[in-house]
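First chain A sits with chain B, and in the next complex the same chain sits with chain C.
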Partner chain A sequence: MADNSTSLRLWRQIPFFKREEAAVSDRIKDERRLGWVFWAAFSYIMALILLTISTNFLPYKDPAFQDYGFINSGLSAKYWFGGDALGRDIFSRVIHGAGISFSVAFTSPFIGMAIGLLMGMSAGYFRGRVDTVVSIIVDSILAFPNIVLAIAVLFFAGPTLPNLILVIAFYTIPQFTRIARANTLLYAQREFVMAARAQGASHLRILIRELLPNVIIPLAAFSLLVMSFTIILEGTLSFLGVGIPPPTPTWGRMISEGVEELVENAWIAFVPSIFMFLTILSLNLMGDRLRQFTDVKASNA
Partner chain B sequence: MNYFKAKILHLVPVFFLVTFASFMMLNLLPGDLVDAILLDEESSVPSAADRAALEKELNLDKPVIIRYFIWLGNMFQGDLGRSYINTQPVTEALALRIPVSLELMIMAQILAIGIAVPLGLISGYKAGQPIDRGISAGAFAVLAVPLFIMGTVLIWIFAIWWPILPSSGHTDFAKDAWGNIQGFILPALTIGLIEVPVLMRVLRTDLISTLQEDYIALAKSKGMSTRYILFNHALRPSSFTFITILGLQLGNLITGSIVVETLFSIPGVGKLLIDAVDARDEILVQGVITFVALVYVGVNLLVDLMYAVLDPRVAARGA
Partner chain C sequence: MSQDPLLSIQDVTVEYTTQGKRFAAISGVTFDIAEGETLGLVGESGCGKSTTGRAIIQLPRPTRGTVQFEGTELTTLPYDQMRQIRQRLQIIFQDPVSSLNPRRKVKDIVAEPLVIAGISDKAEREGRVREVLTAVGMDPDITMERRPHQFSGGQCQRICIARALIMEPKLIVCDEPVSALDVSVQAQILNLLEDMKERYGLTLLFISHDLAVVKNISDRVAVMYLGKFCELASSLRIYEAPAHPYTAGLMATIPTIEAGAQLETAALSGEIPSPLNPPSGCRFRTRCPIAQDKCASDEPQFREIETGHFVACHFPLTGGTA
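Our next item is the complex of A and B:
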């Protein structure tokens, strides 16, 4: 990997190590390490989560409070990221907005994962007719372009947080189902499953005790990428004005309000944009690294 | 031939599912349907005559399943109801907006291909070298940029910081062709750039494996120029996955046009939907959603069938 090339070079300078051995041991070490990029991304996400939790007990300014002296004000000691067009504290709004993004990102993927596991594992284990039924369900979910269904549900059933979480969770089901199915197919052929079957284990026992612990690992790694997908979808819906309604601050709405002020006060849109970009980037980086880490194909090849 | 029949037959349940879901959406409205539609319109208590007229129009005296088939029959005759805000028929509103969205999507796709192909070629040809690493890192970063942030940044760069393009609005092509195209550049670029990373990556991966083929070595040994080899020998065999992904991007294209039309105030189908949502125009929302979902299903089918024609192995496997 790129980030370890210096340590690779150092390794090779040690005389009693044969070149090939050093390279191999280095590659193994490399695969077992997550790398500093991963930990940087992890720290950013953890910091943001802690800030979000701290809104419950630290005295942040009310995100809806309008301080008319600070309309479109720049960065200051009182308002760290300045005030927006209505004089509201951008810092406080960004932190509160992260709360909405995270409350979707930490619920929807797990609802989708639970359903995806159930459907994908049954399809991969029983195959045949079960597989056909599952593929029809997945095809039906994919029949609606995601944003259109989300707009429809939020419009007709009301823009509440539970509705938002459920409609986004619905769209994470197909991917989880596919990965669960593919991994179940792979593991169902392995010796330990055959051994369990030879000992007379029931289907349910094989699925839960033998297959689930193996199948859930790649799914958990993938769930980080799904989290970034849910944050993008939530942001898009808020940006379009069909997400959680005001006064609750959301990143998407903050950016859409900031666009109105883009000519004079661009930072109003850019502050939430940067936070959102870094959040998605961090989740992608972590997810990508963990996926390489847990990829069955790569580690068994 | 069996593959084609199976694909088209598969469409039947999906069609009923999509239309039924779109139809039932109105019933998700909290409270009484007639009140929900009439109350937002004039925010006064609707008269008994208005209520009766709407009840008759929506056939509320009949059971749901009958209403669904009446609605479906009307749909086939091009009648998706009419807006309760300005009484314009939904299909008429759609007909005005479709060409705009279509132009936007086509331009976005052209820009996406125009940017992704050269980047993918350079990156695949120089795989592992600094330029490839730079391009790949850039692509990874762009993957983390939501559409509306990309659009905001592009507006700021090209309309405010260096004002060479309009940030919003739409001019009629017949009146001012250049103005029309100019207005579409930034929105189309927004959607296009979002698609580039995925497209570029698949092209890069396929190109790397193509470049290891014997006929590439032969072409090199014959002394052909790198550019000639890349464009005339390597590009075509490397582009099959690329074309597949291009077809799969349709959903993103729809999402993209809704966001971008809202951001740049372009009067397309996406803007129509969002405006209808803002105005709480239930029948119009339902009509536009039905239309978009049906187009999506239809075009996905076309894409599937096209692959089978282009690559007979797909049909052989699927049958």
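Our next item is the complex of A and C:
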């Protein structure tokens, strides 16, 4: 309360005609900072990535090793997050499982982004027939029920990591295409594109040198949001039993196995769920902040 | 008039399709620009000034008509030959900030025409960028590494001019180059254009809706109305003795600083008709104070009433009669 009235008094000391200016400059300052929420989310993701990488050289317990003395055991010094129904170390399984989630999250969106950029920028720049064809492709992708197609592909092509990555990448194409198209439309109307044409630049040169640097920034910020989408999709597929097969641990499968024990030993499903929840939340918070951040810069420029 | 003109435009029509209807943004535009001259092009918003400028640089190509530049026909020129010509035919736009890519450095923006022209020597490119930036009054050491949003509108327009000049073109289409700038900056940019014209031997097509600006910079002035030329004469002649009622109306709207002068507010009344459905006969007749029956039935030809003075009116205010 005391603080509040002090700031109000200070506010009243600012001459009337300068208040708007002060408010605007405060807002600009806020927009130039990423904020503590972003950095908290960033720290969580980085910590999880480091943990995942450390599985390659630190002596964690084997995620597939069954310790029959610790079946459904609670939290303990030996097994930090307890043991699951088969006596496996949940902590070790969670960080190994993060590896699968991250390998999907860091590859699928970029495959989708590459294809989305190609289609979206062509549609936004050439318009007309190209635009029609691209929107038909995008609508067709959206028309596939995603889980069903993924199950079919993984069933016939085999549930390997590369197949999983490609199937999930397929579903990120529409979002990237639409954002690339919208931003290309926006910038293609600017006079610097006309100026480049007047200098004799080819279409390819305009797309790569003039438009790509402007379009890729909002797209890169958006890719963080897509990462969380891919983690959910991977988790869903694993939960349904069509993801990477055992003994490789994945979050989705851990949750699905934990569901059977939900009544008596809730933490078995709870631990991987919490990790997945925090990961998706962090990626979304970072993505949202970065998107706002790049939007402001674009409108300033 | 004397030698072959640098640019010769015959009967150029540019059509667009809007809401399923085709309409002509400009129709039957004919004029020449002699080497070294500045032709001013004035008219109200939406009358086709910019379309005329863009038809010259073939963006987009005119629907009908011919555009000859240094004796070469541009409307039918293959793409790769057109690219060669573009180096000699540049354009400057109204919004200098939007004309520069916000994500690129000034040195890359200005050097871009050189890269497109295939000059691969980096040192040579940098030398020429420095030279041309200095010419337009920018300090290369400060400018080159920065991005456009670090400059003011006037400075951005200087950078645009530098980019247009770097290939040493013959003709520059200036599409309202000072309309987005403050009056004090306008004068600087106009002076710069004059200097550059002298230094590089340029020919300018200067498009503007600002009559005072055009008067100062142009040798000859053309007036457009609803996609057609109304009048074309020397700058002096058109401001002193306009023959077309529309030109006369425009001239009456220029504010003067003489004591006791009164602005003729009623000089031009009414709205511009839609170009989708232009009036029959003379396009200006709906707003013309001296319109008669003939104006609705016959379209006036763009004819020479005195040497170098063209007008499209059945009843010109000066010179010959119908």
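In the analysis below, the second predicted complex is superposed on the first by the 277 of 301 C-alpha atoms of A that agree within 3 Å, B and C clash if a C-alpha of one lies under 4 Å from a C-alpha of the other, contacts with A are read in each partner's own complex, and residues count from 1 in each chain.
Just so it is clear, a contact is a pair of C-beta atoms (placed from the backbone, for glycine too) under 8 Å apart; a residue touches a chain by one contact, two chains touch by 3 or more.
What you see is a predicted model; the values in this text were computed from it and never measured.
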{"item": "Chain B versus chain C as contact partner of A:Leu58, first or second or both or neither", "value": "neither"}
{"item": "First (chain B), second (chain C), both or neither touched by A:Leu50", "value": "neither"}
{"item": "Which superposed partner A:Glu210 touches (first chain B, second chain C, both, neither)", "value": "second"}
{"item": "Contacts of A:Phe156 with chain B and chain C, given as first, second, both or neither", "value": "first"}
{"item": "Contacts of A:Gly200 with chain B and chain C, given as first, second, both or neither", "value": "second"}
{"item": "Residues of chain A touched, compared between chain B and chain C (which is higher)", "value": "B"}
{"item": "Which superposed partner A:Glu191 touches (first chain B, second chain C, both, neither)", "value": "second"}
{"item": "Residues of chain A defined as touching chain C within the complex", "value": "190-192, 194-201, 205, 209-210, 213-214, 217, 298, 300-301"}
{"item": "Chain A partner contacts - residues on chain B that touch it in the complex", "value": "10, 13-14, 17-18, 21-22, 25-26, 28-30, 133, 140-141, 143-149, 152-153, 155-156, 160, 167, 250-251, 254-255, 258-259, 262-263, 273-274, 277-278, 282, 285-286, 289, 292-293, 296-297"}
{"item": "Touch list for chain A against partner chain B, complex", "value": "2, 136, 139-140, 143-149, 151-153, 155-158, 228, 232, 235-236, 239-242, 252, 255-256, 258-259, 262-263, 266, 269-270, 273, 276-277, 280-281, 284-285, 288"}
{"item": "Residue numbers on chain C that touch chain A, as the complex places them", "value": "57, 59, 82-84, 86-87, 89-91, 93-95, 98-104, 112-113, 116-117, 147-149, 160, 163, 167"}
